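After this come two complexes, each holding subunit A, first together with subunit B and then together with subunit C.
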Partner chain A sequence: MAEEQKETVIVRRVRPGTKTEDFQNWEDQPFEDMDSTLAVQQYIQQSIANDISNVDGILAAPDGQDEGVWKYEHLRQFCLELNGIAVKLQGECNPDTCTQMTATEQWIFLCAAHKTPKECPAIDYTRHTLDGAACLLNSNKYFPSRVSIKESSVAKLGSVCRRIYRIFSHAYFHHRALFDEHENETHLCKRFTTFVTKYKLMAKDNLIVPILEETPNPTESEA
Partner chain B sequence: MSTIIKKKKPVVGNEGMAGMEDGFPDPETEDALNEFNFLNDPQEGAGEAQTSGEWVSDKKDMSPTNEDWHIDQSMLTKLKEDYKKARERGKKYVQRPSKAALQDMLSNLGGEESVPPPSTTPPSRPRPVAAIDLTDEPDIPPGGRVEANRPPIMGIGDEEAIESALGLGELAGLTITNEADVLNSGYNQNSANKEAFRKTWTPKYTLRSHFDGVRSLAFHPEDTVLITGSEDHTLKLWNLQKTVPAKKAVSLDVEPIYTFRGHIGPVLCVAVDTSGEHCFSGGTDAAIRYWNLPDSNLDPYDSYNPSVLADTLVGHTNAVWGLEYDGTKNHLLSCSADGTVRLWNPQNKSPLLNTFTAEDADLGTPTTIDFVRCDTSQVVVGYTSADAVVYDLETGKPILTLDGRTLSDSSNAQINRVVSHPTLPITITAHEDRHIRFFDNTSGNMVHSMVAHLDAVTSLAVDPNGLYLLSGSHDCSIRLWNLDSKTCVQEITSHRKKFDESIYDVAFHPSKPYIASGGADALAKVFI
Partner chain C sequence: MDVPMAGGLAAKRGGGLPKLRELLRRQRRDSDSQNDSPDLDFVYGDADRYTAEIAEFYSYTEEPEFALGQKYFEEDFHCYVSDKWSQLDEERKRIHIFKLLDNVESAKRATRMKAARAILYLAQGVFGECSSEEDQFRWCRENVFLFYQCGVFSTFVELLCMEAENSVAASTALRKPAVSIVDSTDLRVVMSVLYSMIVTINTEDENDTEEHRQLREQFRAELSQPVHTDDSLTIVLFVMVTKFCSGHAPHFPIKKILLLLWKTVMYSLGTLTEYNNMKKIAREKAGLQPVPEETTEVARNMRASSPPTGVGDILDPQRKGLKPNKRSLVKQNGIDEPMPGEPENGDEEDENGKDNDSDEDDEIMVRPPDTPREPRVLPWTPKVREKELDNFLDHTRAKFVGYQVGSDRETLAGLPQPIHEGVGVLKKHVYVSLSELQIKREEEINKHPLSMAEETIPNNPTEILYQAMLPNLPQYMISLLKILLAAAPTSKAKTDSINILADVLPEEMPITVPQSMKLGIDVNRHKEIIVKAISALLLLLLKHFKLNHVYQFEFMSQHLVFANCIPLVLKFFNQNIQSHIATKNSIHLIDFPSCVIGDQPELTADSLEAGDNEVFCWRNVFACINLLRILNKLTKWKHSRTMMLVVFKSAPILKRALKVKQPLMQLYVLKLLKVQTKYLGRQWRKSNMKTMSAIYSKVRHRLNDDWVFGNDMDARPWDFQAEECALRACVDRFNSRRYEQTYPNKDPELESVDNNLQSVLGQCIELSEEFKRFYEVWLDREVFSTQIDWDLLLKDNIIV
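For the complex of A and B:
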């Protein structure tokens, strides 16, 4: 009876007791069979679980997918995965040495998560920006639904992208080993850069981490 | 929200509202100034003039729409005051119940039989909010159900007390019983006490801020503070009295006070200690993080304080799925996919006290744990095999097996959650095969079993008085059960499905009339 069930119904669940390496190790569910309101998130996470380095595959929307929702769900996933860099930065990015959010010398970013926007240390900027993005992207006012999103709300995604990109650029220019370690594991900056370029969410000039120009092996480090 | 100063050139320009909608007509200056566009959405009627004094006007413009990133100061101040007042008010009546609860606990621990008679109970459980306070229950005329609540725990009458508490046999089914048609078993007339069914829960807050499923949640022991642990790798601290009224929705929006970052990978379980000063979390990274709880009136955008992470308890070698705290001995109990259950004293220099590994390999992997609340020298562990085992903490030896395995005909009846009754020697297990099962810890016998949901039962919580059971399921519903009659007194549909999962956790507040649920849809919900 157990085998019969297996053939007919695949139950996609991570039950208590599951080993970390067995998370999401189920058979792929075709996108058209996903009837949940969270189908797009499911699909994106399934693609990532299959091959995290397949940036173009992860960013390839299923036919007929609403582009606003697609961009929104990807951005949620980026914010989620950026926690990985934030955790690493917490151990290394000292407010006494990284007193400002900088990448190259040209810019200082002010953190306006405050009454008066201020030059938060990079680690605070990182945390505040991710917290702020969590609030905005979960705002009942702008994003009450995950299946259809107003144009005016979709338009807000660009500013979130620019802001969280600074976490990548700060890590790249000031914590290079940390950045490389994270990037080797996740290809996240590469995926993000490809994403914002593909959907014109950021101007090319602002993409200061030379991730796409690098050879296919992003692990290669330079001084 | 943040803005940019360009060091080499002065920043000038108007913030073009069209910029966002039309892509990027103009390069960096405008782009940089567009940072705040979402806060000045023209459709929201906010101002659009933006000159070189960016953030001054910015700030002004933001106030009408600031729920995304900013908190309006006047609002904040008002909320703070409200919170303080409410807190003071809260304290006045909270103290007494908690003292009473403590006495209950102490008397149980001491094995004393001099439990106060029911008639003395009501004064020690004041009713600040009559309609919604669970502590109302002791007002019910004494009868079988009160006996169930205050049994001679260590006494000779054990079996009978349990029988009367759990006497409904096979009657409980999938149907929801309204107060009008309470099931009468014929041998348990007390279930007809309508007073018991009056309390129903209504949604109050929706907590949105996580990016992925909320796997676990835990209330502060006294304050209206909730901690959620999510697959998005973070935990969040919520002060339920710091709310922003939502525009149209019935429920209020709450924003998190603090985000705990430290786990590398999903957070699977959370526990708060009895002082309310610390919490613990376990995740797929095999680590148990030991956190100092920040002040619940903290500015969410305060500076990073590394000392919030007090310690990391290292020992498990795979995902940590369960954490429970016992305040009487400062014990923390954990279970992991590495097959072990571990006992810790988090304050010790070498916190790991003991490691339990099942001798019987057929038990499978431990999935969930709890202290036996009426005898905290014992713990109960649920396994993937559907069996649960009670262990003695001192010897590390199994005392008895609660057999769920041979009682289920399903291929996977694993235990997803085990909870101990707060005062009775009863273990309740939630199974993948839709059942909730009740075991007598003295005999090891199953005393009741019921198909409780339409899909796997994932989570259980017993109210502090031991009268009600809350269950959550992947069928998207939360059910409230009268523990005496084993009848469902309320069903609430909550949380949407992601793949084949929906509700991961449910919780009762230990001292206030709140319940909460966490789901695969990245939301946590609070009901009053």
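For the complex of A and C:
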């Protein structure tokens, strides 16, 4: 039945019962033809599905795209994909061993999810941070529309970036094997690093995971 | 009425006959040379100068902490950068800011606070690298804008929420016998950063670039947005205020909270200057004519009247100035009042030539500020309400025609010519206020709950704030007034009142004389600043709520009245207001930033008073005017509250406040005196002619308002309870209709009929056993065997 529809109209839906290999297995649609309110997300996901290692290509906004919305949608996508690393971390990052959210030795981070200062174990911090980011990005008050976004709300993205970056750095410094495996598959940290540098959401010195310098070759992420 | 007395005041207080003689002599001399002491050179505004507003945020006890910030910053910064901060390019600055921000989110309190202090040092303009105050200001501005772009503001707001919830600090403070400045260290650092950002970003400067302006707009929008949880910064701060008042958090730096709250409200809702524009636009939108004149604008061109004499009047009531007074006062009885635009008996006026204060008007004229003589026109266009016009018509019709014509402002049949003229004049000056329209609209909605649909509720910052404040507004008002009471100079420190000095008292009490003098000044200054912040905050809220919807204003003002705001303000003025205004509770040498730039002189008893030649204290005049304006707002058109002014014997208190030679302040005092003149009795009026004529010449005239001679003491019995209850009912209806959608308070009769198949069929209906048993019989009889002509339903005229 799906075959028949493809002849006439391509329905870009993951129907119940679709096999993993058939996910997003449809033809590209030019950005101009995407007419839903979620066009930007669709476009980003399409470019990711095409070539996940083409970081610059994924981050290149189509002409005339509102920058605020572009940044917002990318950050949404990052949070979405970060759940992948979080799931992997759950198997390895134990609250007994990683009792605090640390990256390099000096950092211990405060978990913003609690009203009183609290040091959560790393895995909880990861979950809380992703949860908090999801709440903020889906908040009706800051982001009532996904078509146009107020400048004052775009300003909030910076602190979300800084917080979720800590997940990368924790994984890199404490669960290197897991990080490398995930990074080879997804190039997520590389994409994130390029993203925050491109839009000046974070400064170079704060990006402590050495990922851009070591990998001049875009296909190989880790040395 | 030109009997200026300011020079004689000091003498008068001394009392005694020689003093009086001296007083009279001086009076005579004064009247020859017109007014003696100049008016206070005070300019009313939204706030004081930028530097003063920043300086007032810090108490003198905090002085040693400035250096601490510098130390923490430099320790951290110079361990990897050898350049000075001011030499870095923007990119490197950003890097360091992000680094500090990461530290601010550290779980270790010490690391966190060190980073916060370092950020504060940057917000204070890296004063260690500055040689002048201009430098410091420039760096402060630059850093603060950069901070905003890096997201420092939202991080610090979150930090504030966290510190405010910090139960460890609260319980430590509760256990201590005496809280001191040390208990609030963390909070103060966080709030100082926020305050510096709010005030600096919102201060316009000639060097503003387009980017600065854009960031400012964005920042203002962000201020009214919710932070962290669902509350906006304003609500977070209000909650802190109530928590402080309830005694659960005695360590809170209340002065800083209040200043921050005031500035947040000011910049998120709009300053008073912006308010005037907002009002103009709102009136335009409602189809009303523009406001004829701006109060502050008119008052700027006014001259202060010389203070009322009291003693002099009683001593020699027949002295000059009184006779012309009487005449001009007689003249204003009734509607033969000269109007702007009507040339009026000029020569008669000439007799009053030497009478400076009396004046008639040809047109509204803006007087050049330096003219030595009072203008011979009234400063205001008179106003009249539609209601008063109707009353007038009803009254004359009843008199001449013998019956009433309801709600008709046109027909003048059977009325004599002078009445026609009178009506013409009244009509020319009808002024409809936004509130009247809103009240009318509200009445209509309540009368026709279905056909008059709910108007779209505007989604502006004021509305959002009101909705957020609504559930706890009474507590907020009570807390603010409690603090105001504790900070008023006239109130004695009582054991049961709240301690508002926690954020000014040092841990160790001072030993040397200059040190304790410094602390004494600091404590008084602290209180003055609190009064200033609360008065400005209340006024702003009242004004914005009133513009947004009059019942929002009434809700707030009613809670202020219930919390005894009126006697509290009167109590505040029941002091030597002149000396209060002239107090010098400031030490300019150790104000920020001068205390951190250049060499610091040693503090001696002499240097404490150096560098201040002002004759008045800006913040005190400002606070006084704000309090008077609040009082005016609360009592305007409210008979019962006006009677409170009479009952609390406000007249002598207010009269004393007239001694301050500041036109705007006098104007608000005179307004308050005017509304109660009727009730003060003939004797009072007789002995206060000077005040009466000042009212006449300075306060707007309401046509048909017989404020001078009206003696309707008994005509309008006042029932405080009934009046407030009626108002309360309106306000409650408004609030529940607009804000309680969740549980419908409406009459179920007025709910629309549910005709959705799904929900109608989904309803659970209890059927009786009997019905169930004979259901088939019923079906047969009622449904199958009866013919129903459904087409009838579609016919137009169904006869039931």
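Descriptive notes on the structure:
As a working rule, the second predicted complex is superposed on the first by the 207 of 223 C-alpha atoms of A that agree within 3 Å, B and C clash if a C-alpha of one lies under 4 Å from a C-alpha of the other, contacts with A are read in each partner's own complex, and residues count from 1 in each chain.
Here, a residue touches a chain if its C-beta (ideal position, glycine included) is under 8 Å from a C-beta of that chain, and two chains touch if they have at least 3 such contacts.
Not measured: the values here are computed from a predicted model.
Legend: residue contacts after superposition of the two complexes on their common chain; A:Gln100 is shown touching subunit C, with no touch to subunit B. Look at A:Arg162: by the touch rule set out above, it reaches both subunit B and subunit C. Of the two partner chains, subunit B is the only one that A:Ile123 touches; subunit C does not reach it. Counting the residues of subunit A that each partner touches, subunit B and subunit C differ, and the larger count belongs to B. In the superposition on chain A, contact of A:Arg12 is made with subunit B only, not with subunit C.
When the two complexes are overlaid on their common chain A, residue A:Ala86 makes contact with subunit B while staying clear of subunit C. Of the two partner chains placed by the overlay, neither subunit B nor subunit C lies in contact with A:Ile44. Once chain A of one complex is fitted onto chain A of the other, the partner contacts of A:Tyr142 extend to both subunit B and subunit C.
Shared contact residues of subunit A with subunit B and subunit C: 101, 107-112, 115-117, 141-142, 151-152, 155-156, 158-159, 162-163, 200, 203, 205-206.
Subunit B contributes residues 1-8, 20-21, 23-24, 27-28, 31, 34-38, 41, 43, 55, 58-59, 65, 67-70, 73, 206, 208-212, 232-234, 246-247, 249, 253, 255-256, 259, 261-266, 268, 284-286, 300-301, 303-304, 306, 318-319, 321-322, 337, 364-368, 383-384, 411-412, 414, 416-417, 432, 456, 474, 496-501, 520-522 to its touches with subunit A in the complex. Subunit C makes touch with subunit A in their complex at residues 91, 94-95, 97-99, 101-102, 105-109, 112, 148-151, 154-155, 158, 161-162, 165-167, 214, 217-219, 221-222, 225-226, 230. Touching subunit B in their complex are the following residues of subunit A: 1-2, 5, 11-20, 23, 29, 36-38, 41-42, 76-77, 79-80, 83-84, 86-87, 90, 95, 101, 105-117, 120-121, 123-125, 127-132, 134-142, 151-152, 155-156, 158-160, 162-163, 166, 200, 203, 205-206.
Put simply, subunit A touches subunit C in their complex at residues 100-101, 107-112, 115-119, 141-142, 150-153, 155-156, 158-159, 162-163, 200, 202-206.
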